[in-house]
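There are structures below to look over.
Common to both upcoming complexes is chain A, partnered first by chain B, then by chain C.
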Partner chain A sequence: MSARGRLFGWGILLVPLAVSVALFVGPLAQLFMISLREPSSTELYGTGWTLANYTQLAEDDFIARIVWRTMWTSFLVLGCALAIGYPVAWRIARMPPRKRSLVLLALLFPLMVSNVVRAYGWVAILGRRGVVNTTLQQAGVIDFPMALLFTPEAVVMGLLTILLPYMVISIANALATLDPRYEEAAASLGAGPIRSFIHVVFPLSAPGVASGALLVFLLTLSAYVTITLLGGPRSKLLVSLVYDSVVAFQWPQAAALAFVLLALALATCGLILAVLRPGRVQGGAR
Partner chain B sequence: MNASTGEADVVLSRVRKSFGAVVAVDDVSLSIARGSIVSLLGPSGCGKTTTLRLVAGFERPDAGEVSIRGARVNDVPPYRRDFGMVFQSYALFPHLTVADNVGFGLRMRHVPREERRRLVAEALALVKLEGFADRQPRQLSGGQQQRVALARAIVFKPAVLLLDEPLGALDKMLREEMQVELRQLQQRLAITTVFVTHDQEEALTLSDRVAVMRGGRIEQVGAPREIYERPATEFVAGFLGASNFLDAEVAEPGRVRVGGAGFDVPGAAGVPGTRLRLAVRPERVVLSPDGGEGLEATLRDVIFRGSTVHFYLESAIGPLLAYRQNEDGGDRGLRPGQRVRCSWSPGSAVVVAPLGDATR
Partner chain C sequence: MSAIPGERAERVGRAITATATVVAFFLVFAPILIVLVTAFSPTEYFVFPPPGLSLRWFEEFFRLDNMRAAFVLSLQVALVSASVAALLGTLAALALARRGGWVAGLLQGLFLAPLVFPTIILGLALLLFYRSVGMPALPGLMLAHAVIGAPYCFRSVYGGLQSLDPALEEAGASLGAGPLRSFFLVTLPLVWPTMLAGWLFAFIVSFGELNTAIFLTGPGTTTLPIEIFSYLQFQGSQLVIAAASALQVAMIVVMVAAIERVVGIGRIVRSR
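Then we have the complex of A and B:
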């Protein structure tokens, strides 16, 4: 690229870069400062510096349990999304292009409904006087309503219905653009369908799997409405604690929790990328 | 099944394949002798690639039979057939190193690691890529990728090697170099090889036998020299190099009349007056001064092409083309507008089936 071309390239990036620095990096830096402030009973945060906001979190068993539950929930959602999403994506990728785009559009359709509406939909289904319980009671299968709502299972179910399309679409795109010659080459070398999938198709779909996994994982970590409405007070996740601290005017603690969340997100993203190694596929062999 | 399968590694008998309403391969029979290299030659859409894919098993025939090493393989999936294949795009696995690409077929065959390493090194040496084992495919040039694809296809010593336009993506110089190398490698390994090409020179250079295809059918099969010198049809004569096509009339058996001139044509049969189509290669057309024997023509243009000189002529029966080796650096004093006589030796004119009738 010429010097002029490079300059032009940076020029295009300038505005989004400036916006990002002003509205994201800057506030984030300020948030980090706040997480190192002493708490104050009269102001949002005190004037002294301290590491106590972090050390307190590290010593708190309750926090440890919530972190554990957050990671467990996120990985469960991720695992289910992958296990359900990959076969669906595989099937969609084999459809003729016109049909494929129609199906992908249909997958996106539920995303047009607000998260709040959708979560209340689950409440109507899973609640004590919801569809499931009343039906089972009337049929005489159960005598008393079951506690379906406000459980970790309800949270996972609720998140899956929102996040599954992200996974399916990412993987379907990767599989649909995969040159069928790769599979034919594997077959010519003696690989049956299963080994062809393990050694060729899955590794080559890694970029799609990685982007789907990152989307699902990050959106799970930052979901609030769904986990609050479907998890209730007993299935709180890290995000709920951040919110609770903010409304309790514990800003330094809320900031520290936010950074714990960020650190978990970054570490897990690193882990996902390290396992799937999407980079080794990119660049193609032509 | 074809009778002479004793030494044939691949036999297609009366194979047919259609996609919807389009008949891609129409009643193709072909027998490929062990250790020989056969090309499927034809324009795009002639069915040559589909024929290759039928041998590989990527397509299933609607009718007829495909056999490899004497065993019917119609219902055998590709991964259980014993063949190696080089794809036009090479289809090297981008997530694997060169060594892992080449070793893939061995790994699928459960060859132990040490043995695998040795065979991969051998195969890479064979295609002159020692020292490239740990590279990624994307770090290689087109020619190098082509060699890796070839090494990957031959390393497990398959019964048959299939090549789909293997040199199509290379530039002209490299292509000619690889043609010779491929030929030497094929002969050294004595591996039964089928390859698809639309390049007539490539087919002539590489093949023991050439099958010229058109419209899903095999138009003619034969050794390169045979196909070139004795084309059975106007299509074959026209597809393999340039040819003059002349309408002739039988004067007596073995002699024809072309535009008022008489020529001996050994293959001209039939009662006097029978109409024939003749093919004469431009390099066989001899030009002599006006007044002698032969077909009258006017020289329209002289094109200097380096090693050859091309003469464009106009005769009573249409345009003619003549090539002459550039032996003296000049055009022998022939100038556009000059009247000349065109003739050829008796064996140089071949009676061909006109383009109108499809095959045979």
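Then we have the complex of A and C:
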């Protein structure tokens, strides 16, 4: 490339880079700074520096319970997504290429529909006047509507609705590129289907599982609307507390909660990568 | 002898994948299907099986000022933010597509980061940043959506440029075209479908976006998803929400059909 061409190349980088710094890196840095400031009743934050926003959270039993519940829910959703998503991806990966693209496309479509619409779908199914309750009442099976909504189960189902497609698409793409000769080799060496799955197929699909798991986990942590509409006030997770602090104008506290959430996300992503080790698979580390 | 346990394992395996597929497709599609069915319900509350079809909830939707305004605002925000996102993503992709090394890698990570970064934290960060610099609500919301949509455009155009033969641009340069001329005469005509696909994707993302909008919308600047959310929270689940949701889905169908016409949507499935 000519010198002029190189200059031009870096020149056009300036605009997106400036926007990225001004509207992504900068505001996050400011948020971190605010999390270390004293609260103020008139301004966004006070003048003094303090760690109290974090230490208060660490000492609060309520917060500890919510953090515990958040992690528990996230791992439950992750486990369900993996347990349901892997067999589906397996099936899709074995389809002929044309049919496979069509099915993956069908799974991509719901991802584009707003989360609030899909959460509302569950409200319409599980709510007091939802399909399940009205149908059962008409049939005379129950006299009063059952409380199906505002339960942890409803939250898990609603989150799976949003997240399963990510898991299935990631794993199916990894499995589809897998050379079937690996399995044949394992079989010819005497490995049964289960052994061959555990020692050959699953490790080779680790990059797809890892990218699916990371997406599922990160999106679970910030799925505020789904959690609120399906979990109600009694199934709050960490992200609900961030929102509540904002509504109460507790800016430094909201900022500290956001960074606790981010730290949990990063730590868990590290854990997922350490367990699945996608880098083992050549060309698989993404 | 050894074939029998293998066969049994295969049968069990098939049963597991079949069950999982039914469960997965139910979980993924049931909420959307029920929304589409209830939206055409003629009754005050949804009864199963529906006694008929009607458009009364769609009429109700357009009669409600809040809903209509939110729909129009969502369209405006999506149009502007997708255009800004397409511009940013394309510029970044052009600058980085043929560059190696750790600086380019780092920048690529930076431009893709909003894809996986918890958007609710970004929303909070932008809310506080906008307050401290006095950013007006509507441009702030549009810029936030542009930041979230830009990675989709970046990825789409970046992929298009990777599959572009550099010899074409070199030919342009060797014939005396400067970088700007060879961009407009050679590169742009070849990558514009990926730009358009990125734009449509950014539009879709903006049109359904919740996590930053929940902090950045306010009176007079409420997007449709947020209007649906607050209606559900404060007025309960009335069927006008089903109509609003069905319109959201219809809009996505139109956009997906557009993507299919422009680039063929199969490419997007594989690039994810």
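The criterion applied here is as follows: the second predicted complex is superposed on the first by the 260 of 286 C-alpha atoms of A that agree within 3 Å, B and C clash if a C-alpha of one lies under 4 Å from a C-alpha of the other, contacts with A are read in each partner's own complex, and residues count from 1 in each chain.
By our rule, a contact is a pair of C-beta atoms (placed from the backbone, for glycine too) under 8 Å apart; a residue touches a chain by one contact, two chains touch by 3 or more.
Remember, predicted model here, so these are calculated numbers, not experimental data.
**Q** Does the chain A-based superposition show chain B and chain C clashing or fitting?
**A** fit
**Q** Which partner chains sit in contact with A:L273 here, chain B, chain C, both or neither? Use first/second/both/neither.
**A** A:L273 sits against neither chain B nor chain C.
**Q** Mind telling me which of the two, chain B or chain C, contacts the most residues of chain A?
**A** C
**Q** In the overlay, answer first, second, both or neither for which of chain B and chain C A:A52 touches.
**A** Touch partners of A:A52: none, neither chain B nor chain C.
**Q** So, does A:R129 touch the first partner chain B, the second partner chain C, both, or neither?
**A** The second partner, chain C, only.
**Q** In the overlay, answer first, second, both or neither for which of chain B and chain C A:P203 touches.
**A** The first partner, chain B, only.
**Q** What is the value, to the nearest 10 degrees, of the angle subtended at the Cα centroid of chain A by the Cα centroids of chain B and chain C?
**A** Result: 90 degrees at the vertex chain A.
**Q** State whether A:A191 touches chain B only (first), chain C only (second), both chains, or neither.
**A** A:A191 contacts chain B only, not chain C.
**Q** For A:I63, is the partner it touches chain B (first), chain C (second), both, or none of the two (neither)?
**A** Touch status of A:I63: no partner.
**Q** Going by the contact rule set out at the top, does A:D179 touch chain B (first), chain C (second), both, or neither?
**A** Once the two structures are laid over each other on A, A:D179 reaches chain B alone.
**Q** For the superposed arrangement, tell me the lowest C-alpha distance between chain B and chain C in Å.
**A** 6
**Q** Can you list the residues of chain A that meet both chain B and chain C?
**A** Common to the two interfaces on chain A: residues 192.
**Q** Could you pull out which chain A residues touch chain B in their complex?
**A** Touching chain B: residues 179, 181-182, 184-192, 195-196, 199-200, 203-204, 206, 277, 280-286 of chain A.
**Q** In their complex, what parts of chain B are in touch with chain A?
**A** Chain B residues touching chain A: 56-58, 77-80, 83-85, 87, 89-95, 104-105, 108-109, 136-138, 145, 152-153, 156, 162.
**Q** List the residues on chain C that touch chain A in their complex, please.
**A** 5-6, 9-10, 13, 16-21, 23-24, 27-35, 38, 45-48, 87-89, 91-92, 94-96, 98-99, 107, 110-111, 113-114, 116-122, 124-129, 131-132, 143-144, 146-147, 150, 154, 173, 178-180, 204-205, 207-211, 214-215, 224-226, 228-229, 232-233, 237, 241-242, 245, 248-249, 252, 255-256, 265-266, 268-270, 272
**Q** Give the list of chain A residues in touch with chain C in this complex.
**A** Residues of chain A touching chain C: 1-2, 4-5, 8-10, 12-13, 15-17, 19-20, 23-28, 30-31, 34, 44, 83-88, 90-91, 101, 104-105, 107-110, 112-125, 127, 129-131, 134-135, 138, 157-158, 160-161, 164-165, 168-170, 173, 192-194, 214-215, 218, 221-222, 224-225, 228-229, 239, 242-243, 246, 251, 254-255, 258, 261-262, 265.
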